[in-house]
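You will see two complexes here that share chain A, one where it goes with chain B and one where it goes with chain C.
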Partner chain A sequence: MTATAFADTTSGRSGVGLVASVQDLSIHFQTKTGMLHAVDEVSFDIRDGETLGLVGETGCGKSVTARAFMRLVATPPGVYAGGRIDFWSSETRAAGGGPVNLLTIPEDEMLGIRGNRIAMIFQDPGKALNPALSIGDQLAEVFYQHRSDELLDPLGPGTPAVVRRAARQEATRVEKILLKVPPLRSQANRVKAAVDDRVAAALADTQIPNPGKIMDRYPHELSAGMKQRVLIAQALACDPDLLIADEPTTALDVTVQARILELIAELLDRHDTSVLYISHDLALVRGMCDRVAVMYAGRIVEIGLTEEVFSDPLHPYTRGLMNAVPSSAHRRGALTAIIGSVPELIDPEPSCRFNTRCPYAAGVCRRLDPRFLRHTLEHGVVCHAHDDPAALAARPDEMPSFARVDDAR
Partner chain B sequence: MAEVAQHPPVVTTPVSGPLAVRLRRLGEIVRQVLRNPVTVIGLVIIVLMFTMALLAPVITTPNEPNPYQMPRDWSALNEPPGTPGHPLGTTAHGGDVLYGIIWGSRTSLRLSLIVVGVTVTIGTIVGSLAGYLGGKVDEFLMRVVDIFLAIPELIFALAIAAMLGPSFTNIILALAVVYWVKYARIIRGQIMHIKQNDYVDSARVIGDSKFHIYAKDVLPNSFTPVMVQATMDMGSIVLVGATLSFIGLAEAGLAEWGVLVSEGQVGISTGRWWASTFPGLMIFLWALAFNLVGDGLRDVLDPRTESR
Partner chain C sequence: MQIRDYLIRRLMVLPILLIGVSIIVFTLTRIGGSPIGIYLSHEMTPEEVEQLEERYGLNEPLPVQYLAWAGGVLSGDLGWSGVAVAPVTAVFGDKLTATMELATAAGIVAVTLGITLGTFAGSRRDRLPDHLTRVFSVSGSSMPDFWFAILLLIVFWVYLGWFPIGRSDPAIWASIAHPTGLYTVDSLMAGSWQALRDAIWHLILPAMTLGLATTAIITRMMRSSLVEELNEDYVDAARAKGLPERLVLKRHARRNALIPTVTVIGLSFGFLLQGTVVVEILYQWPGMGRWLADAVLRGDQATIMAYVLFTSVLFLTVNLAVDIIYAYLDRRVVLGS
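For the complex of A and B:
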C-alpha cells in the first residue's frame, strides 16, 4: 500500500546527513478483537544534529514508535508488521559502513547499540531507576557495558583474565570472591576507581552538586528532578549519536521542568547529539525542536520545520491542536477543543483516520487513505483536502469531489 | 568519554564505599525489625531454640551410636517430671523427654533448613523461568504447578512419605516435593510484576543483556516476599513434619517432637500429661516464633501487603 507510504522526501535517501531513517514502520498489537494498528506505515528521517519533535495526543503511537528504535516493544502482543528503521552510527560511518536496520540486526549487535549509540530517557524518572541499586552502581553499568576496554587500558596487557571478565561483568560468583583476595583485589579496585571517576564526571556533567555523595545514595533518597538528572547522565554517558527523549519532563513539576529542559538543551548542544523528542506539549516542542512531526492515530499527518508548521499548520488536526493551546494571543475563553476522540484502531479500513473529527471531512476521507503531499521543500501534509488547494478554503458542505485523487488510484 | 578531561577531578569520598552503604542499609532494616517488641520475642525464642540445637551434644550425653535415637531407660517407665536423672519425666517406653526435646530441636532445625533451602531454590528457578521467559515455558511450568496444587499439601506429603517408607529422610524429601510449588508461584508473580517496571526498560536501553537484567534488576527486587514466606515456612514445616512423624512416618524412637508426642499420647487420658505436653509446647513455640518474625519482616520489607 503506497497510499499512506509517507516518504519523508524532504531529505535525501542516500544517508548523507541522516542519523536514522524510519520507513513505512508498522507496529500492530494482537488483541482479542483483532489487530490494533498502533503505528501504521510511519516514515520520517532524523537528520544529523537536529532535534525532531514528535507530537500527538496520548495513544497516537508516538511512544511505540520511539520504543521501536530500541526494539523495546514487547512481542507478543506487539508485532513488527513492516517497515524498517535504518540507523547510521558514528562508528560504522567512520569505518565507511552503511546503515543497519534496527529491527532486524541480531540481539548481540543491538546490545552494543543500546546505551552506546542510541540512548533513551524515560517519562517518569521515579520508576526508571532500580530501587535496589545505589546511583553509583547503576550508572557504572553503562561503562562496564560499553567501555570495559577503556577501563582496562591503564592496567596494561598483563591484566589477569578474571579482572577482564569482571570489567565486562562476565565474572561468576566464584570469580567475584577471588577478586576480593589481595593480588587481584588491587587491580579490581583500580577498575572500580576508574569507573567511579567516570560516573562522577557524568554526574557532574548534569550539574548535580556533590556527585561523590550522590553516588552512594539510593533512588528513594533523591528528588524527581535529581533522578531525571541521573538518567540524563546515564543516557549521555557514552556520547550517543541519537537520543530518544520520551516526554522527559512530563512527570516533573514546572519549575524543575524548566531547569531540566535548559540542561538537556545545553548538553545536547555540547555533545552534538541528534534527538527524537516526544511530547504532547506544543509550546515545549516549539522551543526545543528544529523540525516537528505531528502524529495522529498511528500515522504522521504533518511534518516540517518548526517555524513552518507553527506559522502555517496544514492539517486540520494540527490546527485543532494549536487552537487548543492557550497563548497570549488568545482572548480568555477562546480555546477550542477538538470534538470527539481518537478512533478505534483495530483492523481499520482505508480512510483518513481523522475523518471522524475533521470539520472538512468528505466522502473520500472515509474511503481512501490520504497520501503525502509536499507543500514546500520541507513542509508536508497527509490530507485529502490538500490534494486540491481550494478545498480547505471551501466550506465543509461544499467539499470538492476529489475526482482527481480517485482517478489516480 | 571526552568530557572526562573537561571537568575538575571529582573526589569520591573513600570512607563510604558500596559495602559501607550496604551495611548501613542492613543496619537500618535490623533497627526497624527490632523496633517491634513482638518480633523481638520471636527472635529471642528462635535464638534460644537454635542455641539448644547447636549445644545438644554438650548439654546432654549423646546416645551412642546414633544420638538422634532416644536412649531407652527400661528401668524408668512413665516417670513424672522431677524424677532424678529425668527432669521432664519419661515416656511409656522409657524415653527421656528432656533428651527428646533437646535433640528434637536439632532434628527440627535440620528439617526446616533443608526443606526451606531446597524448596526456595527449586521454586526460584522454576518461578523465574516461568515469569521471566513467559509464553509457552510459563504455560507449561504453571500447568505442572497446578497439578501439584490440585492435591492438598498434607495429604500429598503423606502419600509420598508413606510410599517411600517410614524414615525421617523420606519426610524431608516428601515435604521438599510438595512445598516448592508455593515459592514458584510467588516468584513468578513477583517477576511478572517487576519486569514491567520502567527500570527494566531502562536497563535494556543501556545495553544490558537479558540475563544480566534478571540478575541485577528483576530477581533482587522480586525476592522479599520469598524471604517473608520462607521465614514463616521455617515454622510451619516443622509443624507438618511433626504431623507426619506423629502418625508414624518417621523411625520409631527418633528424637523428634512429633514422635515424642505420639509416644506420650496414650498416657494423656490416664494423667501422664508430660510426655506429650512438653514436645507439643516446643512445636507451638517454634511455629509461633517464626510466624512472629515473619510478620515483623513483612512489615519492614514489604509494607504494602497487609498481614494475612
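For the complex of A and C:
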C-alpha cells in the first residue's frame, strides 16, 4: 500500500450492497522502453443497481480497467501487476457464497461469468460483430454457452448425448453431420427452435422491428444504430449482474446516439443491472450516472455522487474538464483547454501525474504521490491541495493552493 | 438462395471466358512458330513444304484457321501430336490422369498442412511454434523445386532406397485394371492393398516436392491473416460472450482468416500445374508436364495448344470453385455485386 492507494469505503466492506469491488488494481504493459503503468492502484466499488461513470480522456486507462473485469487484457504485453477485483454474482449470492476475485479464478469459471454475469457493450458496433456470421448465429452463441440446460430441459432426460453436446457447442464435425439426419434431426431442430425463440425475444427487447427477419441478416446489412441494438441485446441476453458499457455511443451519429441512450436507460431500469459506464463525455455521464469516478493517467483522481462532483469539483483536472465542455453558463470564447498532454506512463517516479499540466502545481506535487482524501461521506479526491502539509512533512510554501493562484489571475 | 443465384451468374460468364482464352491460346501459339515446323527437314523440296502448308490450311487467313481449330476442338479433335506420334486425344487421357493424381495429392497436402500450420502459428504469435513455422515457410517458398527434388532423390532414392521413382511398379501395375487412370483410386476399386501401397509410395516424393512451395505460401498467408483477425474487436466480443478459446479461434477468427487464404489457394493452383513440368521430368512421372516440355522443345503446336487450353479451363474452374467458397465464407461478396 502506498500513499495513493485508497479504499472506496463509502459503501462499506461487508459486500452487502456491492456487485463489484476493485482494490489497488494495477495493470502494466511491457514495452521496449520499460513498464507502462496503464492502470495504477485503482480502487472503486460498484454498488448494487447503480450506474457508475468512469470518465477520462483517451489513454487514461479506463478501457483497460473495464477489460480487466472480463480478464480480456492481452497478456503479454499486459501484466496484471497487483490488486484484485471482487465480484458478487447473483448466482453465488443466491447459494450463500461470497465474492470471487476475477483476476485469479480459473479460466473455466471465468467463461461462466463472461457474457452471463458480466457483459460488455463495445465502443464500435461495426467492429464488434463478426462479419461472416448472421445476427441470429451470433446471438445464439450466448444462449448455447450459458443456457444449454434450459434449452435441453423440454427434451426430457432421455436426450441423446450428441444433442446435449451440440447444445453446449461441443459437438465435433462428425457429430454435427449426424445431427442433420434422422432420427437426431428432429431433436436438434427443437433445440434450434428454442434458441431462435430466445434470440427473437432478446432482439425484440431492444425494440428492433421484425426480429425474426433481422436474425437471418448479416452485420453489413444493418445500420450502426441497429448493430448497437443487436450488441445490447446480446449483452443483456443472460440478464447480467454487471454491464460494462465502453463508450457505447461514441461511434454513432448524434441522432442515433440519443435514441440508443434512451434505450439503454430504459433497459437498465427494467433489468435492474449495475453498470460501469465508460465515457469521455461529461454531459452524458451527468445524465446517465449515479456516481462518477474521474480517471487521469492510470489513476482515479476524484470519485463521488454525480451532483457533488459536478457542483463542487475538487481536483484541478476535473475542473479543467468541466471548463473544456461548452454549456449555457459559459460566455462565448470562455472555454479553456487543459494545457499540455497526458504524461509518459513508463516507469513513473512518485509524483502527482497531473503536475505537468496543473495550474496549481507546487513542490510537493513533483515529489510525492498524492493520497486519497475524503471530502464528504461520498466525495473523495486525490490531490495535495486538499491535504495537510504536516501529514506530508512539507513546508507550507511547497503546498499547492487554489486560492493563491486564482487570486493572482 | 442468394448463393445459388450467384453461382448461376458466374456459370453464365464461363463460356465467354473460354472463348477468350481459346483465341489467346491460338494467337500466341501461332506467333510462337509454324505448326508444320516439327515436320520440316532439310531434304524437303519447296513443293513438299507448300503441300504441307496447304494441308494445314496455312494459306487461309488467321481467323479462318482459328475457326478450323476451334471447330476441331469442339468435335473432339485436338490434332496430331508429333511428339507422341499419335492423335493428341489418344494420349491426352493417360497424361492428364497422371498429372491430376500428382497435383491433387500435392494440393491436398498443401491446403491441409498450410491451413493447419498457419492456424497453429498465427494463434501462437511470436512464440516458438510461430518462429519455427516462419523458418519453414520462408525456406519452403524460396527453395527451387528442382533442387529440392534432387536433394530428396539423392537421400531417399539413391542412398536410402526407401522410395522408388516413376509412377508404378510394372508388375503391380499389370495386376489390376485401370478404369479411372488414377492409380490410387484404381487400386481401391480393385481392393488391392499392394497396388495402393505402390501407388502411394510412388506419389510421396513428387507430391512433397510439388506441394512444398504451395504449402509454404498458404501457411504464410493463413498465419498473417489469422494474426490480423485475432486483433479485431469481434474476437474480443466473442470472448466477452464467454466462448471458450477453441470456438473463438475456430468459428470466429479462423473463418474470417480463411477468406484471403482461399484466394491464395486458388491462385497457387496455377503454380502447382506449372511445377509439374520440373517435377515430372525429375521423377520420371509420365504426365502432361513432361509431355509439354518435349512438345515445346520440338515445336509440337497441337500438343502445346491442347495443354494450354486445358490448363486454362482447369484454372478457370478452380477459381470458380474458389469464388463459390469465398461467397460462402463472406456473404458480402454475394450481395455486393
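The working rule: the second predicted complex is superposed on the first by the 386 of 409 C-alpha atoms of A that agree within 3 Å, B and C clash if a C-alpha of one lies under 4 Å from a C-alpha of the other, contacts with A are read in each partner's own complex, and residues count from 1 in each chain.
Operating definition for what follows: a residue touches a chain if its C-beta (ideal position, glycine included) is under 8 Å from a C-beta of that chain, and two chains touch if they have at least 3 such contacts.
Only a predicted model underlies this, so the values are computations on that prediction, with no experimental measurement involved.
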item: Combined model on chain A where chain B meets chain C, clash or fit; value: clash
item: Which superposed partner A:Arg147 touches (first chain B, second chain C, both, neither); value: first
item: Which of chain B and chain C A:Gly212 touches, first, second, both or neither; value: first
item: Which partner, chain B or chain C, touches more chain A residues; value: B
item: Which superposed partner A:Asp239 touches (first chain B, second chain C, both, neither); value: first
item: First (chain B), second (chain C), both or neither touched by A:Asp197; value: first
item: Partner chain(s) touched by A:His220 [first = chain B, second = chain C, both, neither]; value: second
item: Partner chain(s) touched by A:Gly136 [first = chain B, second = chain C, both, neither]; value: first
item: Doubly contacted residues of chain A, that is, touched by chain B and again by chain C; value: 70, 72, 111-116, 119-120, 122, 124, 127-133, 141-142, 145-146, 169, 218, 231, 234
item: In the complex, chain B residues that touch chain A; value: 1-4, 7, 9-13, 16, 18, 20-21, 25, 135, 197-199, 201-209, 212, 216-217, 220-221
item: Interface residues, chain A side, partner chain B - complex; value: 70, 72, 76, 111-116, 119-120, 122-124, 127-134, 136-137, 141-142, 145-147, 169, 196-198, 200-205, 211-213, 215-216, 218, 231, 234, 237-239
item: Chain A residues touching chain C - in the complex, by the definition given at the top; value: 67, 70, 72, 111-116, 119-120, 122, 124, 127-133, 141-142, 145-146, 169, 218, 220-221, 231, 234
item: For the chain C and chain A complex, residues of the former touching the latter; value: 232-234, 236-244, 247, 251-252, 255-256, 259, 329-332, 335
